[in-house]
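The structures considered in this document are given below.
In the two complexes below, chain A is the common chain; its partner is chain B in one and chain C in the other.
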Partner chain A sequence: MSINYLNLGLLQSDCLTLPKAAAQSARLIYGDAPRQDISSFCVAVKPASLLRRFIKPIVEFESNFRIPFKPLPASQSYALLEWGLNWCLATGHFNHLLLHAAVLVKDGQAVLFPAMPGSGKSTLTAWLGLNGWSVYSDEMAVIDLHTGTVQPMYRPICLKNQSIDLVQKWSTDAVLTPVCHDTAKGSVAHLKAHNWQEFSTFSPARIVGVVFPKYDASATEPQLYAVDKLQTFESFYTNAFNYHVLGQASFDILTKVVNQIQGFEVHYASLDFMSDFLTDELLS
Partner chain B sequence: MFAASVEMRLLTDNSGIVLFDPFLNQTHLLRFTSDANHASRFPPPFTSDEFSVFFGAESGTLDVLVSKKLVIPFEH
Partner chain C sequence: MKQLEQERFIAIIADPKQVQQLSASDWEILLWVLDTARLEAWLNAQLASIGLKDSLPATVQTRLDSAMIYAERQQQQVRYECEVISSLMSEKCITPLFLKGAAYVISAEFNSAGRICSDIDALVKRDELDVAERQLKMNMWLSQDVDDYDDKYYREYAHEIPPMMQAERGTVLDLHHNLFLPVSGRAPKIEQFWAKTTTSDNGLSTLKPAAALVHSMIHLLMNEEVTYGLRDCLDIQSIIDLHNSEAFWQDVNTLVEGNGFTQEYQLLLLLLDALFGQQCVRERVKDMQYTPNVKTRFWLWCYRKAVMPDHPQLRNPYAGIARAAVYCRGHSQKMPLATLLKHSSVKIYKAVRKALVGEADKE
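After this line comes the complex of A and B, so read on.
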């Protein structure tokens, strides 16, 4: 059975064509979300050519007649779809300020996790999501330009390599797409963070803190560093997808947000420590 | 260096100021002190005390900013 729309919560994409395996994964992740009235863009993942449909199949991502990426092996179709959706949002959504950061919420208070690849951000996001936190996003903080609150997105968590096994160990009920091997990020699987029923209860959350996490398995003790507001501003600024497009609106809201939150850099080996730290230091 | 309508905001922990030039659509960051925990890409031009001599608590004229060469442009 095909899926012809992807309700991302904040907005919706029409889904024109997907390979069978990618459609199955898309249904697993988005299939319980109702259709919105209007779609903001349309996407497709389809064979790159007639020949490559049959010989060493490769597929390409297309959105609104644009093909932004080089083709990938057909076995990576679903990962390509998710990365393509990130691209659609980052390059085409200008109603909110978009930062490259995970967003976790508890008791209506949001903590942002901007981080470089390999820092353990997605693993931490998955763990917190399985332990009482609401995952508003694994990839993109969506900040309201007027209130400075962060909006939820109905997107999965992109797990890489060992974190896939870890999540399966943490929760036998975890809903995961089949693993795509040999991608640019290694082996990749997507974890459904919440079902639609849970997600529909989420509301915009006030940002109370930013944490720059760095997983360090060799660390015997966690290390904490306070991050001052200029560094926080710089980090948000460099991690923003559409700051330059929004101009002064993004400057104004970023200044407001930075002035009302606390910032920390945390080098950690224990996920339990991170949970305690976030609750004790950042949540009021 | 800047359009006359440049916006300036003081960061509440006194770590620096941020400026926005709407004419050029550019953001500039200025650090007051160099006591950050991380290696910073910004040189430490002035302390906050020195800054307050020029601006008082919050803000001042851009002429002073420019003439004193306080601003370290940071291009996105």
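After this line comes the complex of A and C, so read on.
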């Protein structure tokens, strides 16, 4: 089964070629989204060389017929596609400020989770997504340069290592792609956060808070630290993909956003606690 | 895979109003082809200037806006870098002359809306080159890593030194002392170009439009690479559109004839006429009273194809042959045959060695 377009909600990418397994995963994640009129990007994942089709096969990601990165083993084709799409957005979409952060929304209010790899961000995103929150993004906050609101993106959650088993335990009907092993991030699988029907009801949301999560299994008590506006700004700035290209416009909008939100750093062991904390502290 | 005919493509470039007839799938291809040619922001500027942007499909507007945001930010950076370079040079009483993309961006003599630069090109006098290079190196501009042979190539044969990169900002500077390789025997008399300079209100110097046109022509028709050839052609057409006057053409002619570029100039005018068909160029072609011979017609055919963006969705049959011909022509113009053979042998040896045993680890 092939798929020739990937509707990411915010925009669409044409998809010229994918290895069979990656095409199946792509259908699973994006297959229910309708086609938009015009695609912004044009991507493919292809075998890297004739010889390497047969011996330890490797694949390359292509964006507009150019190859921005080194090839990866063919077993990682789908992960390469997802990472490639992130690259397309980060280096070719300057209409919004893009931050490396998960975005969760409840009652029209958005909380951003900028975090370092290994902080448990994606696990938390998946948990909240399964417990009544809307997942606007697992990876990239899309901030409107005029209103400062965040827009949703139709992308999956990238789960790593143990969190894959956890999600399967939490929800037996979770839609997950097959696991890619031995990637730069360990084992990864992509979780469909919402179906298109749910997604199409999402609208831009006002940002009310930022939480820097740190999962700490040994913590008996959750620890909370207030993060001041300067630290929040600095963290947004260092987590932004295209701040340097947007220049003044990104400074202005970040200043506006930072001035209207609360910031916390939370060290937690219990996901239930996080869910309660977010609802009680940040949502009005 | 759906393709756009190159005749249709170039008709849109020559007359952007024609975008109004494009279907959704044609728009997709057009934007991807323009992205390859670094001309998305250029089209945005053209459509904005004729008031057509608001009538375009929303996704197209978004893509064009995105390209323009990038181009404007890059131009801001180019202006800043030129000021930094100029001020560093002035400490050593050197006035650099900015060339090509950077010049179009910093000087009001040119129209640079939506112009993307690959790097910054600057010209200094031959006897100022060592001081200029040292001054830049003392101020965080580092020579990019080239091996001993390439370093020797640049310094003995070329009209520029190895590219320099600003260590903190990553901006790349090509520092020139001429506009073409002295080893070719065809380097122009550079003092004639130094006599045709202009300084903007911001204190930055560039070539005057006529000299800038001749330089852009040398770059387009005497090099082996024409990856961004269409952009170069549009630069030249834009200079002509802005400065079309008898005095301007007189200046162009003086530089062309004074430096032995008559054949290139004839080819250039024919090429611009074939691509864009603008009245002002057609008149010059007529005035030339030149009937192209077979050789000129062959090169016209080659360049007409070779400057088109190299994109699988732009239908351009035989473009590979045309680009190969231009590649050979460029190399043969750059150096005498004996030097070229020696140079090619070293390059081939290095390529084979790299393919077989890889590159030595850098420390």
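Couple of notes before you dig in:
To be clear about the criterion, the second predicted complex is superposed on the first by the 284 of 284 C-alpha atoms of A that agree within 3 Å, B and C clash if a C-alpha of one lies under 4 Å from a C-alpha of the other, contacts with A are read in each partner's own complex, and residues count from 1 in each chain.
Here is the rule we go by: contacts are C-beta pairs under 8 Å (C-beta built on N, C-alpha and C of every residue); 3 or more make two chains touch, one makes a residue touch a chain.
Nothing here was measured: the structure is a model prediction, and the numbers come from that model.
Looking at the shared chain after the overlay, A:247 reaches both chain B and chain C. By the touch criterion stated above, A:274 is placed in contact with neither chain B nor chain C.
Judged by the touch definition given at the top, the superposed model places A:65 against chain C, while chain B stays out of reach. Once the two complexes are laid over each other on the shared chain, residue contacts for A:38 go to chain C alone; chain B is not touched. The interface of chain A with chain B overlaps its interface with chain C at residues 244, 247. In the complex of the two chains, the chain C residues touching chain A come out as 1, 24, 27-28, 31-32, 35-36, 57, 59-60, 62-63, 65-67, 69-70, 73, 76, 311-312.
Residues of chain A touching chain B in their complex: 225-231, 233-234, 237-238, 243-244, 247-248, 251-252, 255, 258-259, 265.
Residues of chain B touching chain A in their complex: 7, 9, 11-13, 15-16, 18, 20, 22, 25, 27, 29, 31, 36-38, 40-42, 74, 76. Within the complex formed with chain C, the residues of chain A that make contact are 11-12, 14, 16, 36-40, 42, 64-66, 92-95, 244-247, 249.
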